[in-house]
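There are structures below to look over.
Across the two complexes that follow, subunit A remains constant while its partner is subunit B and subsequently subunit C.
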Partner chain A sequence: MGETIAILIIFFFLVIFGFGFYVRVQQSGFQRQKLEGTNLRAIQVAQKASFLPELQCSFKNVQVDDCIDLIKLDAFGRSLSNSDGSFYQYYSTVFGKSDIRVQMVYPPGPTYIVYTTEVTKPENNLSTFVPVALYNATSKSYSFGILSVNTYE
Partner chain B sequence: MEVMGLAIIIILLTLGLLLVVRFIILKPESDIRKVQSESQLAANFINAMLQASTGCNKYQIKALLQDCATSNAVNCNGEDACSYVNRTIAYIVGRTLIYWDKSFNLSVSNTNINFPPGGINFFRGDCTGEKEAKFSPIQAGGKTITVSLEVCR
Partner chain C sequence: MKKADIELQFNWIFVLIVGTVILAFFIGVVMKQKGFAEQKTGVQLSADLETITTGAEVSKGTAQIIKVPQLGIEFRSEDCLRRYSIGGGTKQYREKIIFAPGLIKGNEILAWTMDWNVPYRVTNFLFLTSPQMRYILIDLSGANELAFQVNKSLPNEMYRELVTNPNSIINNRNYKVRLAYFSALPSQIVVPDELQSVNDKDLTAVNIVSSTPYKTGTLTFYEKKGSSFQPVGQTYILGILSIYGAIFTDDYEMYNCNMKEAFKKMNFVTTIIQNRTNVLYNDVAICMDEYYLSFMPLQTIAAESSILMSIFPVSSQARVDSLYNAAFVELESSNRNLQLQSCPELY
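Showing the complex of A and B:
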């Protein structure tokens, strides 16, 4: 009788221990998946921003990769801040919680805000830097710039 | 007899536990974002840098490298093309890769005597491990010079 009770106690102890372990493993899996999802979203937003046709240089209707037209960039920024909000609303579905800027590095120049969201408590801030050529159609010259994409949770 | 059964159960549980720890908890994290962003960084950096127009009669960096590898005839406000392009690349690298604390190796190969002593070569940190490398060949007076960038992990 005593042996049976001891076996039962050990059995239940193992069951509880196993359940606790299972919960821990699941939690670790969820964390991993969440981090992977955040990373994938950061890549997605960076790709969308660097291949946005609204900003890309185009010559004779042919778009050029890794190149941003400064006139388009300026117009985009103005539209985003001046319109009734529908423009911003549309791009918030494209970029979500993120902050996208273009900095002119060489020759030294201004930093343009492409898109930004106000986040009170940003979590999992991930930054991606994409070097781009900035085309000035007025002077027909290129600058070296950095497209920086910050994504938040 | 029951004790034997319990012992077998404990052994099996321990084995299962070890397998779970080995394959789930100790699974290396895949940093897909880092790999993707470094690959894009290396490729875009060279393209954008070569396209950038300089303060030397609006010549692009690519054109100055071509001149540097051949005649070195371009006069950049009293400075020759080789030292001017070297200084310009140093500025861009300083404001980007070095500022971001990246380990890298940027070099322009197949140089001739016209290149600055030691060639155009910038590096930082340890580049012996995994790296993301991109190359861009440039034709210059019948020969090919190669601009290469290795972004190291």
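Showing the complex of A and C:
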């Protein structure tokens, strides 16, 4: 009887040990998946920002990829801060916890804040940079800029 | 009874109890794992669908078949909270505009993306369905231009056909069938004989009434109740894409909620275009007259879309028509004139 109980104790010890090991493997897999998810979200936000009709250049109603209209950019920023909050609320569902800016690189110029959100403890901060053309419709001229997208967890 | 005999019996009882405990433990672990794996697949598929829909938001004019696990994806809208559920996991898709049937079955999804230009690009509409779902376009007159155009434009991967006589339809036992009538009279919307045996919830219809250039018109959604179709409600279209939307989605509320979301986006995009036009009006003096003329239609679009984003369908078509005139007639004309004068365009 004592022998049987001893075997059972060892058996359950092995089962519990094996189970603990399995849980740890699962947890590391979960962490990896979470990181992949964050990376994916960063790319999604960058994609959304680059192809937003509210910012994109268009000629004869044809959108130009990787081109941002400076007047639209300015209007977008003002609408986000000036309106009754519905504008910001809508775009916060689109961009989530992120910070999107456009920096005029050549000729050197200002940095425009497209969208920003206050994050107290930013975790898994991921940055994506997209080179873009910046179009000024009044002077019909182009500059070179960088669209930077920071996403947080 | 000897002590050894009693011990032997106790041993057997002990083995039985311990064996049951061990068996129960492993069954529990397996059941938990099964549930966990299903949930994981659901979450993974949900994340994949999120990626697909985001990709669709930024690309246009694409149709693709996507392989998915055979879990079934349910789309539903309750108080305009539009959600999809996969394997027990539910996700709200908030700002996205997805027209899909209530259930997508099978291991393939057909995803089709088109950009909603009214007349400037506002957003992309994503149409999802299963290649196993059957769509029947019914042109009773045999000469409806819109029916022909819709049939030609829908993706090849979609299981559809254009018929002139509903009685020629045979039952192919699809899990869902959607009938799209073109300019039919209410009395002509009847359940075809062969489809009488289809479950009520799996057979739906829509009657599309629109004339050239097919940018406005009415839609009436029908549900099968027993042996006949009963109207669920009437609503409106703006642009041919909303006609496709009414064909893809079999739910009246889902259609209207998607349109409300589209009008909300239209309102935001219009605000940006209005601000841009103001800047151009002040900075490009040579074209200021033409910019000035566009203020009124832009104002109308902003005002009407602001109403339609909260109340849709409206009680009369006049509001949609007013939006159509401002957008597709007046604003398009202004933009064309600006092009002719080599001025920066509105959109």
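Simple rule for what comes next: the second predicted complex is superposed on the first by the 148 of 153 C-alpha atoms of A that agree within 3 Å, B and C clash if a C-alpha of one lies under 4 Å from a C-alpha of the other, contacts with A are read in each partner's own complex, and residues count from 1 in each chain.
Everything that follows uses one rule, which is that a residue touches a chain if its C-beta (ideal position, glycine included) is under 8 Å from a C-beta of that chain, and two chains touch if they have at least 3 such contacts.
These figures come from a predicted structure and were not determined experimentally.
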Seminar exercise, completed: So, after the overlay on subunit A, do subunit B and subunit C clash or fit? They fit
For this session: Scan A:L40 for contacts with subunit B and subunit C and give back first, second, both or neither.
Result: both
Exercise. Should A:V94 be classified as contacting the first partner (subunit B), the second (subunit C), both, or neither?
Worked result: second
Problem set entry | Touched partner set for A:Q27, first subunit B, second subunit C, both or neither | neither
For this session: For A:R78, decide between first (touching subunit B), second (touching subunit C), both and neither.
Result: second
Exercise. To the nearest 10 degrees, what angle do the lines from the C-alpha centre of subunit A to those of subunit B and subunit C enclose?
Worked result: 110
Exercise. Touching A:I10, do we find subunit B (first), subunit C (second), both, or neither?
Worked result: first
For this session: Check the residue A:G145 against both partner chains and state whether it touches subunit B (first), subunit C (second), both, or neither.
Result: first
Problem set entry | subunit B versus subunit C as contact partner of A:G18, first or second or both or neither | first
Problem set entry | subunit B versus subunit C as contact partner of A:T128, first or second or both or neither | first
For this session: Mind working out whether A:T111 is in touch with subunit B, subunit C, both or neither, as first, second, both or neither?
Result: neither
For this session: Compute the least Cα distance separating subunit B from subunit C in the superposition and give it as a whole number of Å.
Result: 12
Exercise. Same subunit A residues contacting subunit B and subunit C, which ones?
Worked result: 4, 11, 40, 50
Seminar exercise, completed: Given the complex, residues on subunit A that touch subunit B span 3-4, 7, 10-11, 14, 18, 21, 25, 28-29, 32, 35-36, 39-40, 42-43, 46, 50, 66-67, 105-107, 126, 128-133, 139, 141-146
Exercise. Contact residues on subunit C for subunit A in the complex?
Worked result: 7, 10-11, 14, 18, 22, 25, 29, 47, 50-51, 54-55, 57-58, 94-95, 117, 119-123, 264, 268-269, 271-272, 275-276, 279-280, 283-284, 335, 339, 344-345, 347
Seminar exercise, completed: Interface with subunit C, subunit A side, in the complex: residues 1, 4, 8, 11, 15, 19, 37, 40, 44, 47-48, 50-51, 53-54, 58-61, 63, 69, 71-72, 74-76, 78-79, 83, 87, 90, 93-94, 137-138, 140
Exercise. Can you list the subunit B residues touching subunit A in their complex?
Worked result: 2-3, 6, 9-10, 13, 17, 20, 24-25, 27, 29-33, 36-37, 40-41, 43-45, 47-49, 51-53, 55, 58, 60, 88, 91-92, 95-96, 100
